[in-house]
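Next come the structures, one after another.
The two complexes that follow have chain A in common; it is paired with chain B in the first and with chain C in the second.
This part shows the complex of A and B:
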């Protein structure tokens, strides 16, 4: 536990020592803020729609596919390139603790990206708006679960290469691949079970529940188990290095 | 060699671990998707817009046969963007609804099919369900079970409010009725008496709305020529005497009374001015109901209501649901009504005509000033201010009043409307409340009181109104401030580190 915490603190420090720790938030906050502002003004103050777009609109998905690879690309690939991974793994930290710590560090940074949401809510309330706070909370919960899954995928991709760019591209490809699975499944129109599995694996479908203001155990289980699976793969990937 | 074997062993071990983990993830997800976990689904929206009505949830939970729900939806490419967005919104809501239904029971499967981009999949669903391929056109929800299909077009799932322009989604109500229909083992039939000038539901000019309504609610329509002495079919769920233009003979009324005594349910819709003395006497002697044309009522409602101080069934005093409340109240009221000696009067026709032909707002707006040419100048209170409303229909459940003298515990239910014209296409389509009232009355008669119309939850949250200053403030605080603050912080950090 202590080792995990040490890794988390180290990762957070690493984020804010690198340009990524500032460039990613500036980009994310400016684009999201602009989108939110335009939605509020453009929809004549329909706040539920504006918050829904902020946490589930086109810009949300585009930023997720672009920025999460940027957050995760250096997590392990950088250590591999610099040759510090072996050193870390010879310290009293096992693969599981290292993976868990790096994942939680990235998750905290990802959660940090959503801090302005509370500013938006406060401003809207100050201006006399009446947003559905319950729906926002449920949506935010879904955003964090989805982010955790994306980060786990990114962490795994970062663990299989020492090149950060390849790790980022690989992450984006895997995420896009999962999202396009239902389209791929159409190649097998006569096998209904393939289409059903592909539909289920697509994370868009599960996210819709949170977006409509529902916190359900089933989509949460999907995101948590998928996250756990990719973290497990990452740990196995690091372990495999020992034997190379 | 030994090294290679060892590496292979490690590789196989790792592969096995990954395969087991994948199997575990798949198993947990499969179990979770098939078996809803009670209490682990929370609707966090302020108005609980994602929560199914307990009645429909109970229907979905209790299905015993496999039910397939398929949403056929092809997004509109090109054309009017507003219409495309509207259709897409209906599809989104329908998809969520289907998912909710499937979550409630492992026997319900839901899927969404785009027949344009994925015709093979659409064909597979059509083949599997036995839907007529010519029917698989447009956007709709298909409900299939026990080899039965119900196709729900998008036009039935939602409507656009004429005044506010907002989308009203009725999907829950329509879907659960469809599920009831395809899973119900027995069929229900409403049989219309004929031979005394009654309304013919199969005639397109006057009965189209009624037959469409009954068809949508999964009732079969039957006709029995009672004038010729045809027997009432035993599968009849409700016997309807609707708008007779001639008087019934004593023999026919005796048969109808016998049918009712043996548990048959009766729907009587009669105009006050109709020449049906025998039927009126029948209602009076059997149920103490007097249908009267009282032209004074409209102008002196308080005086009229003083005659009936302690009963009121279907009136303008809606609280919550406009229709189910009065009929639910009828269950208790019937115990009071039956022992009464004084005849109960249903007032017609002018009040009925006013209610039935007014615009949709009339049911709720009837107590507002200006709706009646009442004697305001003479200081009369406005209609409805006595919270009594106007008697329009009466529902009786003799099973609930077995202590009443003369009541037969096995007798069926009765609903009497003081308007026969209400069932005609002209009045039934005049406002949605008419159709809802009649639908619920028939459901109640058929013993399906849980099938009363489920009203969509109305979300009325005022939009944020921004003044010009607010607009600027919002822009600076939301768009500029967070990014700029982070940029300055970053510059400071890097400057400090360089220093």
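This part shows the complex of A and C:
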């Protein structure tokens, strides 16, 4: 527990010491801020649509597929490359604590990207609008759960290579792969169960519930179990050195 | 205390460690000596719990490495080969991070860090980025890291590799100061280094411990069959005369080309004899001119040749 916290603090620091800690927020804030501005200006009062775009529109998905790998690629691949993993894992720390610490550090950084949301809400209130706060909270909840799952996938991809670029590409491929599954399953129309599994595994459908303002336990459980599954795989991948 | 009982480690078909048993007592510095690929690093990684052994048992600071790795790591300071550090952190910040991981109490942390900074002579570097330091300073940060948890056992993998001669001496002195109340195991592939800093040398070759002894005892047993070289002039047939000396098994003389009148004599002494004094006396009696008379230096290769009885291996 204390070790996990120590790792979180170190990872947070590592983000802001590296160009990632500058480039990712600037890109994210510029693009999503511009999107929001255009939607507010062009919406003629339908301000909720602007929030819907911000937290689930095309830009949102593009940024997620692009920026999540950038956030996670360094986490373990760089430790493998530099050999610091040997340093960390010969201190009284176990693989699970390290994985948790790195994951939570990345999640805090991801949550930090969403800080301007409060500013956007304030602006809309100032303009005399009345944003549907309940729906925004549900959206934010979904965004953070989805982010957690994406980060866990990215962390796992970073743990299987010592090359950051490969880690980033692998992460994007896995995420895109999962998102294509329902369409791939449609190629096998006679096997209904394939379609159902693929639909369940795809993160898009679950995300829709949060977007409509519903906080439901079922999609939350989907994201949390998937996150847990990839974190588990990550810890196993760190232990793999022992079974060679 | 470090104790290894017939450790074995296999990586697929490769037997990195075949049978390694040794013991290092508190207050002692032991050196693992062996060529690259001998299994030194693998042994050390097993002792730190980073890699599990395929067979055998290791006990460090009273804890079984396989059964209680966390207790072992709490009592351990480890410096891996090539000193991997987080280059993006400042020295003080990095040591603080490491001290936290090692469970150093919050109240003691500042003092411990100040102590190891001072001990490793990096006080002036404490606000510098680790990644910007020279190799020698990084090595010292690595040592400071190993020491920050005030461990009973230190395992240092090639602590002087990549250092310039001055830095090497400094690091050796630092390690020698540490031994008072600690168990220190370090590895090296340099014979003179093992002799210089350790009270005991553990020679490892192809995954096996060949011998474990004090440097003096090793030197005594190993030196006996080392060759002697003499360069003389003014002697008609020095080899024949030298062969007549007691304690000389064999002698061969060859003219040194382009060096008028000088001859090089290669002498093999009989076991446990040192006929150098007698050779000198002979030269004086016969009126030879002598410009060199020395015993060949003991090399790691000689030791292996002798211990393994395998000429090809050397």
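Assume the second predicted complex is superposed on the first by the 242 of 244 C-alpha atoms of A that agree within 3 Å, B and C clash if a C-alpha of one lies under 4 Å from a C-alpha of the other, contacts with A are read in each partner's own complex, and residues count from 1 in each chain.
Here is the rule we use: a residue touches a chain if its C-beta (ideal position, glycine included) is under 8 Å from a C-beta of that chain, and two chains touch if they have at least 3 such contacts.
Being a predicted model, the structure only gives us computed values, none of them experimental.
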Task: Combined model on chain A where chain B meets chain C, clash or fit - done: fit
- [ ] State whether A:14 touches chain B only (first), chain C only (second), both chains, or neither.
- [x] second
Open item on the list: Once chain A of both complexes is superposed, is A:241 in touch with chain B (first), chain C (second), both, or neither?
Closed with: second
Task: Touched partner set for A:233, first chain B, second chain C, both or neither - done: first
Open item on the list: Contacts for A:102 in the overlay, against chain B (first) and chain C (second): which applies, first, second, both or neither?
Closed with: neither
Open item on the list: Tell me the contact category for A:80 with respect to chain B and chain C: first, second, both or neither.
Closed with: neither
Task: C-alpha centroid angle, chain C to chain B via chain A, nearest 10° - done: 160
Open item on the list: Is A:3 touching anything from chain B or chain C once the two structures are fitted on A? First, second, both or neither.
Closed with: second
Task: chain B or chain C, by number of chain A residues touched - done: B
- [ ] Would you sort A:200 into first (chain B), second (chain C), both or neither based on which partner it touches?
- [x] first
Task: Touched partner set for A:88, first chain B, second chain C, both or neither - done: second
Open item on the list: For the superposed arrangement, tell me the lowest C-alpha distance between chain B and chain C in Å.
Closed with: 5
Task: Doubly contacted residues of chain A, that is, touched by chain B and again by chain C - done: 17
Task: Of chain C, residues touching chain A in the complex - done: 11-12, 45, 48-52, 70, 73-74, 76, 78, 80, 82, 84-89, 93, 97-98, 100-103, 145
Task: Residues of chain B defined as touching chain A within the complex - done: 7, 10, 14, 17-18, 21-22, 24-25, 28-29, 32-33, 36-37, 40-46, 49-50, 92, 95-96, 99, 103, 111-112, 117-118, 120-121, 123-124, 461-466, 470-471, 473-475, 477-483, 486-487, 489-490, 493, 497
Task: Complex interface listing, chain A residues touching chain C - done: 2-3, 6-7, 9-10, 13-14, 17-18, 82-94, 241-242, 244
- [ ] Would you tell me which residues of chain A are touching chain B in their complex?
- [x] 16-17, 19, 21-23, 25-27, 29-30, 33-34, 36-37, 40-41, 43-48, 116, 119-120, 123-124, 127-130, 132-135, 137-138, 186, 189-190, 192, 195-196, 199-200, 208-209, 212-218, 221-222, 225-226, 228-229, 232-233, 236, 239-240, 243
